[in-house]
Amino acid sequence: MSVVSAQNLGLTFPTGDGDIVALSDVNLTIEKGDFVSFIGPSGCGKTTFLRAIADLEKPTSGTLTVNGMSAEAARKARAYGYVFQAAALYPWRTIEKNVALPLEIMGYSASEQAERIRSTMELVNLAGFEKKYPWQLSGGMQQRASIARALAFDADLLLMDEPFGALDEIVRDHLNSELLKLWDRTQKTICFVTHSIPEAVYLSTKIVVMSPRPGRVTDVIESTLPRERPLDIRETPEFLEIAARVRDGLRAGHSYDEGAV
Amino acid sequence: MSVVSAQNLGLTFPTGDGDIVALSDVNLTIEKGDFVSFIGPSGCGKTTFLRAIADLEKPTSGTLTVNGMSAEAARKARAYGYVFQAAALYPWRTIEKNVALPLEIMGYSASEQAERIRSTMELVNLAGFEKKYPWQLSGGMQQRASIARALAFDADLLLMDEPFGALDEIVRDHLNSELLKLWDRTQKTICFVTHSIPEAVYLSTKIVVMSPRPGRVTDVIESTLPRERPLDIRETPEFLEIAARVRDGLRAGHSYDEGAV
Amino acid sequence: MRRDLSYFQLYLALIASGCGLAGFAMSLPTLGTAPLVATFFALAALSLVRLVMPLSAWLDGAMAVFGAVALIASLPAGTMPIHHWLALFAAWAFAWLFVERLSAAIRAGRLPETGTGVLIPVVFGLALLVVWEVVTRGANVPPVLLPPPSAIGARLAAETGILWADFVQTFIKSVIPGYIIGCLAGLVVAIAVDRSPFLKAGVMPIGNFMSALPIIGIAPIMVMWFGFDWQSKAAVVVAMTFFPMLVNTVAGLNAASAMERDLMTTYAASYWQTLMKLRLPAAGPFIFNALKINSTLALIGAIVAEFFGTPVVGMGFRISTGVGRLAIDLVWAEIAVAAVAGSAFYGVIALIERGVTFWHPSVRGGRT
Amino acid sequence: ADALTLQLKWVTQAQFAGYLVAEAKGFYDEENLDITILPGGPNIAPEQVIAGGGADIIVTWMAAGLSARDNGVPLVNIAQPFKRSGLMMICPTETGITSEADFPGHTLGVWFFGNEYPFFAWMNKIGLATDGSEGGVTVLQQSFDIQPMIQGQADCISVMTYNEYGQALDAGYGPDNLTIFNYTEMGNDLLEDGLYVMEDTLDDPAKVDAYTRFVRASMKGWAYALENPDEAAEIVVEMDDTGAAEFDHQRYMVEEVSKLVDADDAALDMATYDRTAKALLDQSIIKAEPEGAYTTVVTDALK
Amino acid sequence: MNRVFPVLTVLLAIVLFWYVMAVHMNAPWQNQLNGRAGLENVPFTEFAQQTWSQDKPVLPAPHQVVGEIWNATVALELTSRRSLAYHAWITLSATLLGFALGTGLGVGLAVAIIHNDASDRSLMPWIIASQTIPILAVAPMVVVGLGAVGLTGLVPKSLISMYLSFFPVVVGMVKGLRSPENIQLDLMRTYDANPWQVFWKLRWPASMPFLFASMKVGIAISLIGAVVAELSNASGGGLGVRLLTGSYNGQTIQIWAALFIAAGLAAVLVAVVGSAERVVNRRMGARA
């Protein structure tokens, strides 16, 4: 059974001046253990697609199943963890309380909460910062806290919307390899939105290239890279070749009209 | 006469819990027509240095001259145009009125204003959007409007603080080559802050690598690339070599302690 | 079963029909005396068919209106029988159900925002009036305490001359000049104070202190200083409107972001250029906030001041002497005029705000 | 004990000394009565309070009482301890006003809130317009103090002999620099502080009995107050919740009030009543000849 | 020091101006008095002294007001009905009860409004309209009406105070409870949180800054409400009654003293809410 399966998926936003077709005729299957990156120019529907999987938007046509059930049923079964583009930590909660938030809502016992907080905080390398408030942490640390929050409960599917968008290249590299390690260890399925070609190639087993107006999938590239990926894999010809293919796919989808910017 | 010249420049922010040394012992000379990129991890003082040039911050030690005079005198002589990281357009003004803002303040005649608005709007490819308000435009278009605003009056020095930070890779590529063309045509001196190594290498004649705590210049790399730069210059070995040198310089400045993230 | 009602709406519908059923049973013995109400009960009970077939929201609206009319038309002279109270409940439930369904329809995009959006508060207001009318008359509330709206309306219509003269004296002569002077003075002082950090540090705490002070307390003093006529009332209005404007404008002048200001610095813009092109426009929402607060304060201030001595005309004068003469319906008519004038004043300012600060996210409605 | 609530027309002051003294000296207790005395104020209409059920007996001016009756609040006068009016109009001599004939063109301060009827009755009688028209007077709603005269905002102001007139005396005014129009002396007086109840309660003999005992005790209070003005003033000061009453002023007020009250006779004087009713009818403050607006059952029972 | 000095300077300027105005405004009456007493050519310093020590001045001098405040508070027993402290306490109790009721009502309405479209649309315009009703006109009827059903003293005053103070709280709390960004709400949805959880874990904490901002306005308005109510309810005393009786007796010094005590009370109340805000902020991990 595939984790996500979309057939002829369409999603239209009605607005004051006409409808916006955010997704049109999207067909995509994501299998258990996949690391799927979504890349494409602004407004091509990456976020919308992730939100549809998460049942935060309702598709207007086609079918979408998550873990074999409707997206709504999957959400109610707490099938996934979602990492938003901004960290979206609650500023009035300490880091540990932020991580505890889903656990409280899902009714975990106090002792289990404590245990999970400890282990996920360690996983994202934030042990020692439990009692700090979000503003006392750097942007990267906040982002890691928000990842911890999505990992704290047992969802096999992780939806990540440009989680590293705001970070500088060096830090990003670092978090990328951490994320790969985590994925390797936990066997989760990951859907990952990014604007960066190297990032997409480096991380993914499958790269979905999208293009806007209407938002659609223009290319799905299966990575031939091995699961084990040191950082300098990015200088190998194989890597560069996949990157070039992604770049071509992207460029094709980019019409240089004004609205595209 | 060099456009910007800093000797032993230091800038310290006093704060509640101790001083922050944002810039320490910076020595740098920028010549007319240079395209200088500043790159470095978050908090290394890139913005602070640009702001010092613009006389938005006062250095606490060392000397800094702009066009041979003090930064304040240069500012009063309207020696530079500044593009902020965020577009910072005034929401109550149309795009064209935003571009007109510096012209109004500097007392240009109505006809000259109209002429300059027309030409710069064309330059940044925004003709037809004159009467729109900022929030009616996409992020990229807003950023271009803010560039137009900095270009509208005749400053030979352009200070740009991560102007393309919020844009996706393809659009960024596009604006990068437009910026290069503009620089080539107008012979302006440009100081450009970025987080992206390829961007820095692609654009600059000189790359200033900085590192934090205290903010300082760790490397100044003179580019050996020709002035004429097609986009695919980025796959040449020469390019990759400079990029690698920048990356090494950056990594050296990055201590992997938590605060650095 | 297709669900055209939410659970909450369903409860309301059941309450309405339930009251209808019970009321019908109770009114059986006296069926002939109030045929309209009995018909309403019967129809309300009939509306239970919505369990098997959907009924239009407009039908609920019609039932509410019918219930109200039936009740008011058959209000007995003495105390109201119990089942009439059931009719009031039922009519209220229908009205509530009606607005619930209308707003659900607007949200779902099935009805247009304009028009229907106005209908909902109007229905609510009318429902309040009906309840007021039925309760005051049905429960024999002494008219010298709270007259029914119909009596107030009759007074309103009969005394237009007096009401208009009072309105002119209080609103046109006292409120408007006081409001303009107070707001302008607040604005000007704010700008003056803003130039000097020293003055700002000195004036602002005092301004905050003064704006918390029960300014109406100065009404007798103002009457003592400025005499009986509208001048003293205007002075009270000036004092009441000055501080909110001062405090808000000073806050607003600081609302421009650091980057927006830096931009002006890079242009080596002068103080006045920065003020006119950046800080005042950025302060717009704050200034309008004060203008709106002041629009309700001003009228109250003028009316209160008239309690401490006036010429024999004015809304406050009429209210206080009206109470003394037990002309309570005239007093309420005057209160109604004040409420309408105040709301209209507020509405006008809000409209101007929409036009002037069109760019502000709170006006253009989110996004970016 | 029978519980009764008395609503005064004005703030706690010696104008109501009889009731306050009766309460303080236990005269009501002696009559097996439990009296609550509610002070009034410029925003409190006793007629409204009694109509709303907040009081059993009120102290008010007859003009206001009859007007309320005309407006559908069936008030009935059960006793009238105040036989004369304390109302005056005073004009500083520098205004040049020496007689009624000098009024036209001048501004006169008048208390409203139910206190305005005597003035309008007077103006009606001497044929002066009060609507601001040519040859008439300008009327001002006067605050309850003498500031308008001191400030020169009004040429003449209303005063009570027992209250504001005292303030004027304190401020250096007096008969030598004032023209004084005394309503009683001019024969323009309307009956002031009387005791009123709701008409329907008079059907209940137990109530009537309670009223009778109340009036009896009150008159005893008045008699005591007039005999012991110092103690009465002290009691008034003591019973004032607001702490505003001052002994000297209250002492003065007891003195002046004693000239208006007849402590031995609570009965309504029919001649003054008829004049009051006629004056109100004449200027159509009330629309119909009042009927049943007074009863003598209580005062008859006192004898 | 740096914060106090400017305030003191401005205060000093105000006091000086006040003394000058006191001379100016009290002069006509003083001239009359002197004229009547046959005094001529009073030297200016003495004349100024006279204008600053009138019994019922048009504008009392600052020291007269301060003296009256002193005499009416410190110099008297707290329970004395002449003590301004006693009256301040009466007004304060009505204010606090009214404020508590108003805040409760305001929050309750705001909760209804943000959770229910129909309430939002039907209530909001009327809530605004309610504030345009001249409360002083309605107050006597409220007092009489409630008195008729046996509610007297504290309750009617508090209700009027509540009527004024609920308004800023509704307006602020509607904003505050709606202040969570979409992304924060979406997060709750990804957890399939129920409305109750969304309220207590997100909306309520997010609205705290708005609640406190509104409560600062609300408590000041509450005090105004209590004073206004006292103008219509003379029994029992209170600062409003002092204002009123002061005004009947032309006791300007008494008016000003009551006014200043009221202002001081307002300042203290606002400061108390402010410190409560700081405590809550600290609990909620706000930046120092």
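Residue numbering begins at 1 within each chain, and the chains themselves are lettered A, B, C, D and E in the order written.
Please note the rule applied: contacts are C-beta pairs under 8 Å (C-beta built on N, C-alpha and C of every residue); 3 or more make two chains touch, one makes a residue touch a chain.
Molecules present, by chain and UniProt name: A, B = NitT/TauT family transport system ATP-binding protein; C, E = NitT/TauT family transport system permease protein.
Because the structure is predicted, anything quoted here is derived from the model rather than measured.
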Between chain A and chain E, the fewest steps along chains that touch one another: 1
Shared interface partners, meaning chains that touch chain B and chain C: none
Chain whose mean Cα position lies farthest from chain B: D
Cα-centroid distance, chain C relative to chain E, in whole angstrom: 22
Centroid spacing, where centroids are CA-atom means, of chain A and chain D in whole angstrom: 84
Inter-centroid spacing, chain D versus chain C (mean Cα positions, whole Å): 40
Chain A-chain C separation of Cα centroids, rounded to whole Å: 48
Residues of chain C engaged with two or more neighbouring chains: 145, 220, 224, 307-308, 320, 323, 328
Junction residues of chain D - those touching two or more other chains: 42-43, 45, 48, 52-53, 143, 147, 151
Chain A, residues touching no fewer than two other chains: none
Pairwise chain contacts, counting only pairs that touch as defined: A-B, A-E, B-C, C-D, C-E, D-E
Of chain E, residues touching chain C in the complex: 2-3, 6-11, 14, 25, 58-59, 117-118, 120-126, 128-129, 131-138, 140-141, 144-145, 148, 220, 223-224, 227-228, 231, 243, 246-247, 252, 255-256, 258-259, 262-263, 266-267, 269-270
Contacting residues of chain E [partner chain D, same complex]: 29, 32-33, 36, 56, 58, 80-83, 86-87, 136, 139-141, 143-145, 147-149, 231-237, 241-242, 244-251, 254
Residue numbers on chain B that touch chain A, as the complex places them: 41-42, 125-126, 128-129, 138-141, 144, 167-171, 174, 195-197, 235, 250-251, 254, 256, 258-261
In the complex, chain C residues that touch chain B: 257, 259-260, 262-269, 273, 277-278, 281-282, 284, 357-361, 364, 367-368
Residues on chain D engaged by chain C in the complex (per definition of touch): 42-43, 45, 47-48, 51-53, 64, 67-68, 71-73, 110, 112-116, 138-143, 147-148, 151, 153-154
